[in-house]
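For clarity, chains are labelled A, B, C and D in written order, and residue numbers in each chain start from 1.
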Amino acid sequence: MKEFFDLPIVTSSYGWNAIFGLDETVSVLFVLPVAFAVFLLLILYPLFFLLGFTERKLSADLQARVGPNRTPGKGALQLFADTIKLGAKSANTGLSLQRRRFLPSLRTAALYSSFAFLPLGTALVFLDSEVGAFLPFACFGFLFLVPLFSNEGPNEAEDQIMAHRQSFLWLSAWIPALLTTLIPVARAGSAKWTALLSSQSDGVFSWTAFSSPFGFLAFLIFLFSGLVALQLPPFHSLDRGTRRRTGPDLAEFGLNEFYSLFSWCIFTSALFLGGQSLREISDTSFIWAAYQLVSTLVKASVLYLGVRVTARALPQIRQDQMTEFCWRILTPVALVSLMGELLWTSVFSGGAQ
Amino acid sequence: MRTLLKKLESDFGQAVTIKKFGRSDQFVVEIEAEKLVEIATWLRMQEAFRMDFLENLSLFESKGKTVFSYFLRSGSQGLQLVLRTSLATPNGGARLEIPSILGVWSHAESFESEAEKMFGVHFSGENRASSVRKNFGLGDEYPLRKSFEWGDRVEL
Amino acid sequence: MRTFLSAKLGNLAAWAQSSSLWYYTITGGCCADEMLSVQGCRYDLERFGCLPQAHPEQADLLIVSTAVTEQMAKVILDVYDRMPSPKYVMAVGACSNSGGAFNERVSYVKSRPLEQVIPVDVFIPGCPPRPEAIMNGLILLQNKIQERGANENAP
Amino acid sequence: MIYTREKLHASVSSLSWGPSDPSLPGIFRLEADAEGDLIRRARIETGFLHKGLEKSLEKRSWFTSMIAVDRVDPEAPLFAELAFCIAIEEICNIQVPRRAQVIRLILCELGRVGSHLHFLARAAIATGFDTASQYILRDRELVLDLFELMTGRRFSPNFFKFGGVGADITEGFIERIHETTRLLEIRLREYHALMIENQAFIDRLAWQGVLSAETAQSKGLTGPSARASGLRFDVRKDEAYSGYEHFDFRVPLGTGARGTTGDGFDRIVVRLEEIRESLLILSHAVDSVPAGDFLALTTPPDFTVPAGEAYSRVESPRGLLSCHVVSDGGAHPVRVQWRTPSSSNIEVVPEVLKGITIQDFPVILASFDLSIAEIDR
């Protein structure tokens, strides 16, 4: 038993220990579930309510409206009310109970497993492996393999077509995303999250997005292709699988959608929008860990709001147009930015030497 | 317009009667139902006038007769003409028979299907396979005939 | 303590339900225009937490503003059956309130009151009603849900 | 969405939407055979909203008939009122005062602006473009305010009377019209930037749902949708009624600016242009309202129309709206028949939907501006 707890998992999660006031030696297998519960209940859900409300208010303001304002706190509890209401509703879908519960649960589990390598800070990554930056692709990819091999609804022909389309779209969007991931990885010389974060810790101009024009291009492409692959606004298809969901299922769907977009924003900010220094690696104080957490969440929230509000100001795009967008714009530009970045580094760092 | 009407009279003679339409400066050409398709084709094909647009097909029942008015218009000349024929309304649920002019004006579709549902007219001659179906949920009743009553009605 | 808690929870559910009434509309005719106005930015139903839904499965409130003829009754019933409970119905306009300008005395389609087809919570008269009237009906419905939630869970 | 389907064979499936479905512009049923997600054949079933309006008109007295006439096209009620009034005035030989004619014209052009704005809002909603639709609905409220100021109601105004209009111009109405037209001109430029020059919006509509002039003509299409295909037919120009001959305006035609003539994008552009022309007519008309009576005669409750018949045409926002009134001198009309533009326009929809993807059909349907209440009556 002792050996099991001492498995050599590559982790840099001592920040969580600091946040909980635990000793650094407490096993990660104990900290992970606690941290996950705390993250979910105290960070993610309140952020869902807060950001959802802010997004609705901002887009209402954009559309010359008022937006939700009748719930307590000038409408701030609107998404809380929505979620409670959906949870209290009866779910009368046409699907059998087993089928209805099993697949969404599988997807939810796959989605939340990404918490293990969510780069919340240099000291807050549980699974800090050598392929860290590529793990999100495996995790989110699983979400789209599920519908491909199983028919969710009673109408098989249509669902099969949609599943194939979505999988192809996922494939076409992952290629530019993978290409652009190579840029920060090349800059850091490693795909470890801690290395990626610490390589961008010398002020704003050390961030990948602001280090060179190609870095900024890559940042945009990475963000967009993730949105396309995950079918999030503004790249959501017209009927994104919400048709047969009711009540609690719909609440779960909404939360999952929020988590997938928010975690994508966290990944983007970790790859392109700076990180924290490893200077204070010995300093495992509460303040340092909390600072890491808050700064990451703020960056991701700003990205999230930017994406959602921009999505409201655009018309919807068809799936085949999205696929075309991936192949004709995102992938070539990703290649160009990769080449450009390599040239840029060789010219400028060569000059510096 | 006058030349067209003169030509019509000379070509068809007794089969057509030309009158004024109400107070307006339009003309009504009254014809027999059997001659409908022939005269309609003639009007459609006249080189100089080309009544190529069937604006409206209006049916009304008056003095035991169902009157069909085809409002025609020539797209190039802006001329208007009303082609009119009438048939005795049958009693009960029996259907009226009139030749279809779908072969002359293909857009008569919507008017004919409506008349079929509301007046119980059978347009013979053309097989209509419209992709727009009208289902008013009326069954075998033809509400626009004068004999149709639904009881329980007050004077407004 | 348990009754107190369940009453509180019931109140919470009723409050949540009343402040997030997602609606599905069956409209045709003049009321369709006013329903669009209500969605629009001047009247803005989203203030009340109401969002238009594309599928009846996700709606809590059914807004009917057509003449309820034999044919439409089938359509309305079909949509109503697909909504998950608790569900609420709002009859907007004279047609769905009483048969309106197409009732059995005036027209052979014999438009009926919506009440004869499905249970109705709020009636809004007018042909078509003004957007303010529709919003007032919505507030009435919210109060009704909250009162009902408070009464049902009282010991 | 009542959304049923069955698998026919390997890749062809039979889909069905409606009768109540937000992706359709009203209550009707659309059935389609789709190969993959391309529609190969479409069928439409209408009639769910049938209200027996024409029979109801036969049972009403002349005095109360305007209530039913208002419901012919509930989205633009004044055009049906105008057609009915013109027909009755022709039978009774009533001369409408010039002032009443201009008031009618102003209200009708206002109605056209409102109806086209409604159309644009629906088209924006169909493309998922919420922000644009909210802006357009905001401006539609301005038009409805003017209606309320003049007629007392936002919809179903029951305002036109036989021989004139129900009331004289309200105080401040003309200033408000000037104010609104000025504002709308600015807003139209805004929509132009928001929709017409928006590449994402263009991609959804250009080259989609192309309707050739030949098909449009053979199916009897009228109105802006036909003009977008290049058919130049506008009753206001060809047979001017109610004093349109005194105003100079342009009839916009589809040019295929971003795609080809007669595509979905043209149908949007033509309507935007028509709003601009209507605003020009409006600002000219309110400056040239002649003095005089606004009503030639007061209609008594037992008003009867002498025996005779008349046929009137008006250009409604959707196309040619005409009304055939037959009277035998009795207390009720013998027949009031309507030719509504949408019931002819819907005939082209199954043709146009061929080769459209399932995701695109709501946009194409919205681009035709169909009013189902008008078809079913």
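We take it that a contact is a pair of C-beta atoms (placed from the backbone, for glycine too) under 8 Å apart; a residue touches a chain by one contact, two chains touch by 3 or more.
Predicted model only: the values in this text are computed from it and were never measured.
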| item | value |
| --- | --- |
| Between C-D and B-C, the pair with more C-beta contacts | C-D |
| Inter-centroid spacing, chain C versus chain B (mean Cα positions, whole Å) | 45 |
| Whole-Å gap between the CA centroids of chain C and chain D | 28 |
| Intercentroid distance (Cα basis), chain C paired with chain A, Å | 38 |
| CA centroid of chain A to CA centroid of chain D, Å | 47 |
| Residues of chain A engaged with two or more neighbouring chains | 63-65, 243 |
| Touching two or more other chains - residues of chain D | 1, 47-48, 50, 52, 55, 59-60, 134-135, 138, 376 |
| Multi-partner residues of chain C (each touching 2 or more other chains) | 41, 54-55, 69, 71, 106, 108 |
| Interchain contacts, given as pairs of chains that touch | A-C, A-D, B-C, B-D, C-D |
| Residue ranges of chain D in contact with chain C within the complex | 1-2, 19-20, 22-23, 26-27, 47-53, 55-56, 59-60, 67-68, 71, 74-75, 77, 118, 121-122, 134-135, 137-138, 140-141, 144, 154-156, 372-373, 376 |
| Contact set on chain B toward chain D in their complex | 21-24, 26, 52-56, 58-62, 69, 71, 75, 78, 82, 105-107, 109-111, 114, 118, 130-138, 143-144, 148, 153, 156 |
| Contact footprint of chain B on chain C as seen in their complex | 69-71, 104-106, 108, 110 |
| Chain C to chain D touching residues, read off their complex | 26, 28-30, 32-34, 36-37, 39-42, 52, 54-55, 66-67, 69, 71-72, 75-76, 78-79, 101-102, 106-109, 111, 127-128, 130 |
| Chain C residues touching chain A - in the complex, by the definition given at the top | 12-13, 15-17, 19-20, 41, 44, 46-49, 54-55, 57-58, 60, 84-86 |
